[in-house]
């Protein structure tokens, strides 16, 4: 099982490769600090500048949200949920943290495998 | 397999039963009209006035979003993702509709089974 | 959310309908009696006499195994896992029962929705 | 996201560590050669010599089967499906291969994270 990691596409020259990496990469979008014991919204979006197909034989079939070694939640999608057109799959989780977190997300493309986001550290405020 | 359906709790007298039904019921929150081919946000929340436990032996382990007979997406949760305190599990899906939808959501409680929301019809605007 | 139930196809005259019902129905295959506290194998198979496609836009994407109101396990499949040819999707679960069970299985077809098997009661032997 | 890999426990001296590694590791059990286009049974079992708890706050919540970079199937378990006693979680997949495969399995423990099996190469016979 190979895990593809995000690469900074501004450092990549070839357009096809920039597109390929960006559209498969999961991105964790959330505040940098969370309030302990309160709901905290984490958006996971696949793709930042580029779009991924939603074809029956080529789509993002699941997203996982991890805090360190613990998987918090997984969303599975049925092909066509994005209207069968290219887009950026996204899902918002609303978790309740009790301590500092190190969030990562993964996204699985049915043609191009598993992709892992950069980690994002979330500090706790009381 | 039994599916529990939401009942209007304003019609229920006994407080324990109001609590039981409300905290297990999935609710679909979204606009009434969607733009064809554009992202449309659907929040599914479990519980409206009451809170559900997030105990290891008693929590909401998954939510599904359906359009008619088609399941669009399913989110699975690991116990503890809500901080191990009572709350209302929620997840926001961002789907792209291409025609009128009839959305329902289901939620599965590891102690009290499967619950289905009322259906919500979404009209399309071009 | 509509749940299609198995119908005895020997009572159905029209061949297309027999095929349609049979190939979508989940069947629970296991012994009638289980030993309390020991592993017990339950095969869930979709289709008995007929085959279901494994096309990207038309396949069995998940199977669930239920004991009464409790979901025990769910298997999700990626299209193509059955070689992209018609077949009968199956999965063997190995659960450990502690009391009498009432097993049902569901199967979800990405084109024709959710199907529920007949229930099978399993007695316990000590 | 860290992936723990199987280590040959015969090379490990400390009993607690042997137990820890063995009981979390996924093992792929199947024939070495498959017939192209025919059903091929793959058992994934977690643990070889040691047992893993099935406690509400500590259990194996999912198993995935991969062929190279493609995830073929994922089974999610509800805590208690193994009778709430230590055992070796297992599931049998019945896939239909069309070419040489490189199978790996992963298992996720709700306390000790993700574990990946050794890879097993399956040759095709016509």
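The letters A, B, C and D name the chains in turn, as written, and every chain counts its residues from 1.
Assume contacts are C-beta pairs under 8 Å (C-beta built on N, C-alpha and C of every residue); 3 or more make two chains touch, one makes a residue touch a chain.
In this text, all values refer to a predicted model and were calculated from it rather than measured experimentally.
Undergrad: So which chain is the furthest away from chain C, centre to centre on CA atoms?
TA: Centroid comparison gives A as the farthest chain from chain C.
Undergrad: With contacts defined as at the top, give the pair, A-C or A-D, that has more of them.
TA: A-D
Undergrad: So, what's the distance in Å between the C-alpha centres of chain D and chain A?
TA: Chain A and chain D have C-alpha centres separated by 25 Å.
Undergrad: Please compute the C-alpha centroid of chain A, do the same for chain C, then give the distance between them in whole Å.
TA: The computed centroid separation for chain A versus chain C comes out at 32 Å.
Undergrad: Do you know which chain D residues sit against two or more other chains?
TA: Only 61, 70-71, 76, 78, 80, 110 qualify.
Undergrad: What residues on chain B touch chain D, complex-wise?
TA: Against chain D, the touching part of chain B is residues 55-57, 61, 76, 78-80, 110.
Undergrad: Name, in rising order, each residue of chain C that touches chain D in their complex.
TA: So the residues of chain C in touch with chain D come to 37, 39, 54, 70-78, 81-85, 87, 89-98.
Undergrad: Across the complex, what residues on chain A touch chain D?
TA: Residues 1-3, 61, 66, 68-71, 104, 106, 108, 110, 112-114, 116 of chain A touch chain D in their complex.
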